[in-house]
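For reference, the structure is listed below as structure tokens.
Going by the order they are written in, the chains are A, B, C and D; count residues from 1 in each one.
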Amino acid sequence: MATKAKIGVLGASGYTGSELVRLLLRHPRVEIALLTADRRAGQEMRNVFPQFAPFALPTLVSIESVDWKTAGLDLIFCALPHATTQKVIAAIFAAKPDAKIVDLSADFRLSDPAAYAKWYGHEHAATELQKQAVYGLVEVYRRDIKRAQLVANPGCYTTCAQLPLVPLIKAKAIDLDEIVVDAKSGMTGAGRSAKEAMLFSEVSEGFNAYGVGSHRHMAELDQEFSKAAGRDVVVTFTPHLVPMNRGILSTIYVRGKRGRTAQDLHEILAKQYAKEEFVHVLPFGETPHTRHIRGSNMTFIGVAKDRHEGRAILVSALDNLVKGASGQAVQNMNLMLGFPEAAGLEQVALFP
Amino acid sequence: MATKAKIGVLGASGYTGSELVRLLLRHPRVEIALLTADRRAGQEMRNVFPQFAPFALPTLVSIESVDWKTAGLDLIFCALPHATTQKVIAAIFAAKPDAKIVDLSADFRLSDPAAYAKWYGHEHAATELQKQAVYGLVEVYRRDIKRAQLVANPGCYTTCAQLPLVPLIKAKAIDLDEIVVDAKSGMTGAGRSAKEAMLFSEVSEGFNAYGVGSHRHMAELDQEFSKAAGRDVVVTFTPHLVPMNRGILSTIYVRGKRGRTAQDLHEILAKQYAKEEFVHVLPFGETPHTRHIRGSNMTFIGVAKDRHEGRAILVSALDNLVKGASGQAVQNMNLMLGFPEAAGLEQVALFP
Amino acid sequence: MATKAKIGVLGASGYTGSELVRLLLRHPRVEIALLTADRRAGQEMRNVFPQFAPFALPTLVSIESVDWKTAGLDLIFCALPHATTQKVIAAIFAAKPDAKIVDLSADFRLSDPAAYAKWYGHEHAATELQKQAVYGLVEVYRRDIKRAQLVANPGCYTTCAQLPLVPLIKAKAIDLDEIVVDAKSGMTGAGRSAKEAMLFSEVSEGFNAYGVGSHRHMAELDQEFSKAAGRDVVVTFTPHLVPMNRGILSTIYVRGKRGRTAQDLHEILAKQYAKEEFVHVLPFGETPHTRHIRGSNMTFIGVAKDRHEGRAILVSALDNLVKGASGQAVQNMNLMLGFPEAAGLEQVALFP
Amino acid sequence: MATKAKIGVLGASGYTGSELVRLLLRHPRVEIALLTADRRAGQEMRNVFPQFAPFALPTLVSIESVDWKTAGLDLIFCALPHATTQKVIAAIFAAKPDAKIVDLSADFRLSDPAAYAKWYGHEHAATELQKQAVYGLVEVYRRDIKRAQLVANPGCYTTCAQLPLVPLIKAKAIDLDEIVVDAKSGMTGAGRSAKEAMLFSEVSEGFNAYGVGSHRHMAELDQEFSKAAGRDVVVTFTPHLVPMNRGILSTIYVRGKRGRTAQDLHEILAKQYAKEEFVHVLPFGETPHTRHIRGSNMTFIGVAKDRHEGRAILVSALDNLVKGASGQAVQNMNLMLGFPEAAGLEQVALFP
């Protein structure tokens, strides 16, 4: 086998960072060459995530200490907080114009500077790059991703909603003004920051909605659904927290258009995803559990009939840290570096 | 204080049965005089539920062994499986025509024999009693309950959906054809039967919808919402399972009618429940967590604005074993026996 | 009924504080007159713990703002961090020499200033008070507590280990050099501070020991066991974290002395606790679950035979926030104010 | 690459069966050729474990329907209940004397028919095979396993206790009469049978010991520890249930012999396992979490000093379904078929 591609992971002390390391460690074509974690610089990965103790990994360094020009990285994953990200990525491209980057933050997901400013409350600091970034929902933008230098990896909630909805919107099969996305996520979606509301005792044995009526993920949904529809689409979206680590399940209420039944919608999705390795449409009437995709890059989609004639209920499930973040990021890397799309992503779900 | 009322609990080996015992043990006006559990007859309650080991309780007996005429019970709680229930209750009334019963099963919730037969797949065995039964949603039927001999305690999912929706439907404040109820329940709602799908390892660290498109609770919602509206109302309803023991949270999507805004809906609910002891409406825009009502008889209701002008998101939360079952049953008992409505139900939620 | 006693809770924004409020709200003889929470001063309790939204409670104030002399408090619970506590309590007694205080911190549990300095790394700031403080393990020190002005409420781990061991040590029934206490605690034992290691995603679906070989609770065990034995006793103690909110279970390995069998040990404990309301000894050979004491002030103790002739395994379980903290504190208050010992503590465990 | 080995899995509808399928599906040298599940015969694996829906797998058949002579299997995993197992395996060897089998049940772990009869309450039905079976603890019996036809895969609890203890016993470094093993397991260790005590609502948010004083796993520990010591060794062992799916953690209390300190014990273990791929000894004083080995074949071992001079606390952690069952079984298969020992077992732990 040829020499392995050298990969950097910025922000290795967070959950999407560690998930990248988990996947890359077993990827046959790559080598982890750089790991950064500003607050943990100088420490070993095993001090931050003890599961890596048995493996040889580079010592954590600060971003500042890296010379992008000479680092010899074939691709960089950026798993940093939003806002910080745009500055770091601008600096990387300034030092190394031919860099390839998959960004897991929200910073380059919105292509419209005005939309970014509205939802994030400040101007984007790298609007030129914002234009060039390719939105990394592989099943929709595969071709563009292959040629991209900067890929904006989609959000976890939005991937889970887009995979079932985009094909239906493109097929003009559903009413665009009646879409309700009721989404439920495990706790890793909230990251690894030490906040009271995320303590075990605050979360365990309970359930709640949050950001009801207004949540930043809406901006990403608006952009992609409107693009698919060729007109403005504004969905109703409510996120909830489930006392579990991994997994997102979206229950989506739609109304068929022009006589489309739930079964018709199922057929559109089944056809669309028949050859996709990481999207699996269940038989009509069956709906997925998050536990059956845990730890894998798979998305399961189910379609069922509502009691109301002409309405359908879609249920989609994925692992927010894999297909909803680091797995999809590796899938993007595979396309960008010309590897088989599924390389390093073959793991079967861990259930129970 | 006067002599205490003698109470029987049929089906004491299930979760609603043990929850009744928990509440009645600390109720100042009652005495637990009879506990039945057919398969555990002859055993002590402590063998079935070790938490009761420190307390003196009657030995479990079989239903068959009870002579209803001479048992001297002032009120009977019936926490038996549906279908069995109607036969047992018919037998009790036959032996003791002045019996008072609160039934926690689904058997007397539907007043229409045809609806019962449709949803349960067989004819009702006690249609006379079905007519006399009063639906025990206290906040709606308080007056009728005070005079009732047979109260059908509402379902947990349906209580959680009715408390926020019935006042809005009665006020003609929302569109009746656009109601979506996305409900999430803890595992005790499924009871204590040993089924593979309910094992810890099958449930923990995962989330799923079930009964998508068709679920028996719909019949009860149809009946009560239609009654409130004065016309047929058919809501979309999807139940989900949360890896927690107790709690139901319903996220309800509605559209205001005749210019009613989310804030108007909030005002209707706040006014409606201002004096209710067990329904608390949160300030506008806030939504509840199930953990904050765990173990208590409280229902928390929140109302928030949707992004879509004119639409609102209602979120209601209760403990399925308390306000959703045994707590509401005790509330019904209090009314039927002339006790203060909140007697024995004062416990504050157990959080964390 | 006579006027109610006025009670203050210092540190109401933590878990032991909120648990005190939960219990006191339903206590027939007291009234919550003061709640402090320095960082949340000016807020309502419902902003800090939404489960209290339906109840009328005093607004949170800072400790500094209270005038102890004129506050008219009959008893004060102090649920503050250690070290801070000794200064606050010294100040209270300085302003109001006849104050009555139950302290839930570790500050007054050790009566020996040298032991305190050794385990906590600094001199005690109120050694005079340290001498006067009564150790609040009710079942052992009931008489002293009734006359005390300052009671040091025992730790949760130590209560769980002392209740089964102290009677055996006093009876000289077990070998003092061979005691192993393997203890497992739910997460609320770690408090409400926002630390990475306590996040849901770090704790859920996992188990670990911590502080292996050295843990501050040992000091308290050393003191009390040595006192009971009349000689130095040093036990082996390992704490573990269980992914649950509430509960401690201790598995204790002992060797009978002078021919004492496991059954003899069981008999000693059964006799000792026969009349105690909050300690229940299970039949010989049965061992407890934490879930059966959750939310109650009960301790369950089991004794079983080891395979090794002459050795026994003791298992004790309690709720760390109730008998392990706030429930025991209320029990202490009841003694100090002359109320029935069980007042406000009658709640049956919440299972499931 | 050469043709792949054809593998059969008997008992594919249980957790160890599905875990074998998970691992074998990604093993580079094998092909799953047969899956049995008597009660689910005729169904697809996806009906029993939906996580396999995207993968092509043989239809489930009954054991009875298999012709062992002509099935062409290179190796068979037997994941059946004990007692049934010995009959099935005897039948396979009768039909195909050169069969290779890894048995995951307890049936061939005890080599002494008398010990088997004592602990299991009936005579062993295949005592000839019992003699030939090799105990499959790879790190101890690697050489024998390579030449074995029938390997008895060790139990999960016992693997977790043996890996830290066997080297210390062999080195005569610890007192053999003072060993206490306090073990804690996730729920999958109890299998997939529908029992009330294993329901989510019975297990969640609680902790308990079980089988205190007497548990079948002791027989296996007795055999292996006595063999290592060259004399009878009887340890004290208490299993507990943790509300989590996967993982075992053993806290082991030992006393060093002939002046051996905790550090000496650490050194023995570190040296012993320095080259083992699946046993990792942490730095002295650190102890493991189960979450850091979840889903991997790794065992983590920590050694800490007890307060008592000369005593040590060992803590070991593994995933009961991987190193404690199916992963170790695949490791055994790799040895028996001449594959690299780690083939198919490279997965990094899934945390969080």
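General observations
Assume contacts are C-beta pairs under 8 Å (C-beta built on N, C-alpha and C of every residue); 3 or more make two chains touch, one makes a residue touch a chain.
Since the structure is predicted, the reported quantities are computational estimates derived from the model, not experimental observations.
Common neighbours of subunit A and subunit D under the contact definition above: B, C.
For subunit C, the chain whose average C-alpha position is most distant is A. By number of C-beta pairs in contact, A-B leads over the other of B-C and A-B. If you average the CA atoms of subunit A and of subunit B, the two centres end up 40 Å from each other.
Subunit A and subunit C have centres, each the mean of its CA atoms, that are 46 Å apart.
Centre-to-centre spacing of subunit B and subunit C amounts to 36 Å, using the average Cα coordinate of each chain. Looking at subunit D, one finds that residues 15, 188, 201-202, 204-205, 243-246, 288-289, 291-292, 294, 351-352 touch two or more other chains. Residues of subunit C touching subunit B in their complex: 15, 18, 21-22, 25-26, 49-55, 188, 204-205, 245-246, 277, 280, 282, 288-289, 291-296, 298, 300, 346-352. Note for the complex: subunit A touches subunit B at residues 178, 180, 182, 184, 186, 201-202, 204-210, 212-214, 218, 234, 236, 238, 240, 242-247, 249, 251, 253, 285, 287-292, 294, 302, 304-308, 311, 313, 315, 317, 351-352. The touching residues of subunit C, when paired with subunit A in their complex, are 15, 187-188, 192-196, 198-205, 243-245.
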